[in-house]
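Encoded as structure tokens, the structure appears first; notes follow it.
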């Protein structure tokens, strides 16, 4: 439950070996494999193209215009974590810049996912520290009001529990609850294998209409061809 | 007229030779040359910079969260076509990914213009298959409800008839009705020639105020200079 | 005061030597150094990444869909200026393209900041003429109604007086009133020096919690740790 | 086709007797009866609740910030018309106020549908002249650039041909092409009759699940009940 | 956890007696009393002013453009419930109209909260069935794809578990987890009592600066008065 | 200039007698009379229809999610003032509710104009205390960080200096600098007189085309009539 003013130190992280199998599959595949749940809204965009990361969530709840809790979160980061930051109401401020990125990176964080703004994006790009955010803003924040660390948060429309697996790439960000990861990895692997074959057929000019046997259901649904 | 559940197979495509003359002119020039009509709204952005394509429209009308008709459209693609997809109401889902792109490319499509979301954007970029879309989203779609193929559609605020010429580049997407292309090509060529000269003058420091003879109309309109 | 139909020729530009010291500091640092004032809204984005410019403002007030005053403004540009264009109401049109850019560049302008749309972005990128804008649009404009040049304008939420220093980079755009620049340069220099040291500590794994002595105020504010 | 600078005086209006049968059915019913086509985007809202109008479209294409063509359109209004105004690019200006409303009303117009802003809304409300618009804005416009009257326009995402039937109420605005109205009136009447019966059953506690015989298809689709 | 294709029949509803004490307190007070958690985003607006309801949540997860699950949900409604509907991705369609409202009302529902569109708003207003929604749209939906009923959903940024208390009024919508209601009722009652006294003082001209003893902390924070 | 942490007590208010002449003219007329300057963006809407107020501005600069300065501003209110509140970055929080309204009203304030959210809107409506705001939100704010009172602010895109006249009605909000009010009152009075006559003519069926002598300029601009 959402509580303000608390830091949960003992969180149960999803199995790192499994999480590391999710990331290379990519967001779209993981999302499909889990039955299409856990996707953040599409306004979450990477600050530079090409990054693809997976990790376990350290969650943060911030107040608008106040990044105090990101400093508290830094201490809770373990190597392989991804920090996921939500705000109690919409904010475009730049909550995170190169100093925090230096600290997060030193602690082993692989990325930041923040439903708000980020700044120093050129330096972050040079550092190779990826951030998925709602926007870029040079506006700094104060350090005045307590939020929380490692409580369940709703970030960009998705519920994230501390320790959940996070996968992010150019298509967006998806959250995988620990209980679903193994199943998702298996489903995604099957799907991937399957897709290679489909891709070859489609590249050879075979139509999805035939490959997926859609002609009959389309006719049944009433589709009419007019010459 | 908008009809649901139909596929028009026999469409009249704009003359390919003319269409291929439009693309290198670019969207801004074509739009000017046609008398400033047919531009899609500026939220339509390319998934990667630098693409510049022209082609003839195969149109698709989709339902929100349902990409069934894109599979139906694939069969109607001829080499040199650009698929233009509209949705019956606003949707951010990822209607199109690398499998459909493989199929579209194999059929000869040059691009997709979609007033909705697209996914697998890294792979699409690697494949060199350009897409102009409203957003990027990993969320897949169902295949449950009939739309139509090759009917007139309103895509991102512009009316597109099947067979119309489409030009897309970093500035956006413009639709050129077949009847206007020849005139537009001529006007654009004249314009381009004219612009080279203007560009040289402006680069040499000549002011537009003088080159366009604006000083008199400005004075007449009442412009006052204050020192 | 906002007046329509006037061009102020004699404006007092901020000291160029000082302005040129601001730009390399970057938008985020300058904004902090001035006490967090003068930032434009985060929807203002560069048309290509990596540009970092500083200059003195030539301001323009435009009408929606009408770029006449940009031609008038060109004559007022001195080397080292940045043109800052506001519109009397929200407009997504493409007010500025490669011809105007050629002219602005020939006059010595370093960039355009426009609370509206821009076009020919590929050419502008090739020319290396940076623009920060609300959007990209191929839609051209008319030249019919007088606005003003070098009056105070509100651009993307920030008040800009003619002659003010402007700094723009991947983080956005900030306005520095002449009176504050010297102080800002000094504060930013101090800040930068200070940050190098902080960065080294954070990179070595020191926590911001300790470096900024946050533990006591956090405890005082009531933060609870739960294991 | 979109042409600028023309006024079509001889338009073919949908049969007034039929149009007048559409309005009382309401937007949602008409939209359903036509097969779900022709609806404007939901951002089009009435300036006061409770208005329900139908009429034949006089179309206008405006430039952003320029209402000249609304004056030209006034002359083309016949009693029973609804003026439908589109703009060549997004604009929030107040293109229409109490003077134009007085003129439109005197000419017999029943309403204005405008994909832009309107002003003097208190007076318009007192006059009982309904407007569906994108927004309310006190900002006036200039009269400088030609648009057109009675050409096909795309208004809030819907294609409107001059003479089409327009129905507008608290649910939004729908366009009915002349060719579909008779069929739509019949379908809507059947639907309405049908709905009265359904409403009575539902009010008595019968479930849609049973009334629409959904239980079997739901089970077939795999729905599971968990106690 | 989010599962598709399931209906949980046995949910644990918050204590009705307590829930009924929450509603008259209003959304702002309940939100404060719970420690500022559980508020939906401010784009959720009532279709008519003045409604103030409280109830227990029956949750629904819908697909964009598909309202099938609302029919399934109807059967799960008990008197005193409020239906809370989320969609798997953003959708503006009109998922709910007067027939469903008749059914929901007959089952004892007090309101609908839907992160999407609603239609027939005039009839709903006449029926006195309140809806808080993202928008109004006449566009109907299909019944083709399974969602779920009574699973945890994220609606307009807030996590809602089946059975949670919901309070909605002109200020918006708040979710109160069962575990917090008793405490919230008590806190709100204390707060209300307290506010009556404050209100009287403020109405008499006493300043909040004095009543809340803010002068010292303001001075300490560095506030300067300039005459 | 924007300074944080200051309260200017000695501001020069526009002449109350003149300000009180502006309000009944309405926002659209005042805006026209001043030469179309000073209008706030159209997203600023009244919480209830029908209010029309004028007053002198007490300005406030707030931080996102922090309403401390509204309490400081209360002390600076004189009868006939309108409080104008800007925020250093976009915020949807509910900064103002019935307690502050009670205090503001007791001090003589006529309205609040806030580029953010407001709450307790039903109570404010019952109290007859009008607010123009960006949105309605139940989310409360903290009191932690200093802003300023009575400095120049940019509110919803308009520059407001302390003491400026503010007029607000159903069409929006306009700012009239003290120096322009007398001229604006005179211009508006002339305009109003003029409009009564025009209104009568238009109501009698005279066309604006004739009344404004537009036929010749339209023909000159190239307008073609097609039968």
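Letters A, B, C, D, E and F name the chains as they come in the text, with residue numbers starting at 1 for each one.
What we mean here is this: a contact is a pair of C-beta atoms (placed from the backbone, for glycine too) under 8 Å apart; a residue touches a chain by one contact, two chains touch by 3 or more.
Here the structure is a predicted model, which means the values were calculated and not measured.
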Give me the chains shared as neighbours by chain A and chain C. B, F
If you list every residue number at the chain A and chain F contact, are more than half found on both copies (same) or fewer than half (different)? same
Selected interface, C-D versus E-F, where C-beta contact pairs are more numerous: E-F
Looking at A-F, A-C or A-E, which one is a repeat of the B-C interface (more than half the contact pairs shared)? A-C
Just give me the whole-number Å value for how far the CA centre of chain C lies from that of chain E. 41
Between chain D and chain F, the Cα-mean centres are separated in Å by 31
Which residues belonging to chain B are in contact with no fewer than two other chains? 36, 39, 41, 88-90, 92, 137, 139, 145
According to the definition already given, which pairs of chains are in contact? A-B, A-C, A-E, A-F, B-C, B-D, B-E, C-D, C-F, D-E, D-F, E-F
Okay, in this complex, where on chain A does chain B touch? 26-28, 31-32, 36, 39, 41-43, 45, 49-50, 52, 169-172, 174, 195, 198-199, 202-209, 212, 214, 218, 221-227
Show me the residue ranges of chain C that touch chain D in the complex, using the header's touch definition. 63-66, 88-93, 137, 139, 142, 144-145
Residues of chain F that touch chain C when the two form their complex: 1-4, 35-39, 41, 88-90, 152, 154, 157-159, 177, 179-180
Where on chain C does chain B make contact in their complex? 5-10, 68, 71-72, 74-75, 92, 94, 97-100, 102-103, 105-107, 117, 119-122, 125, 135-140, 143, 145-146
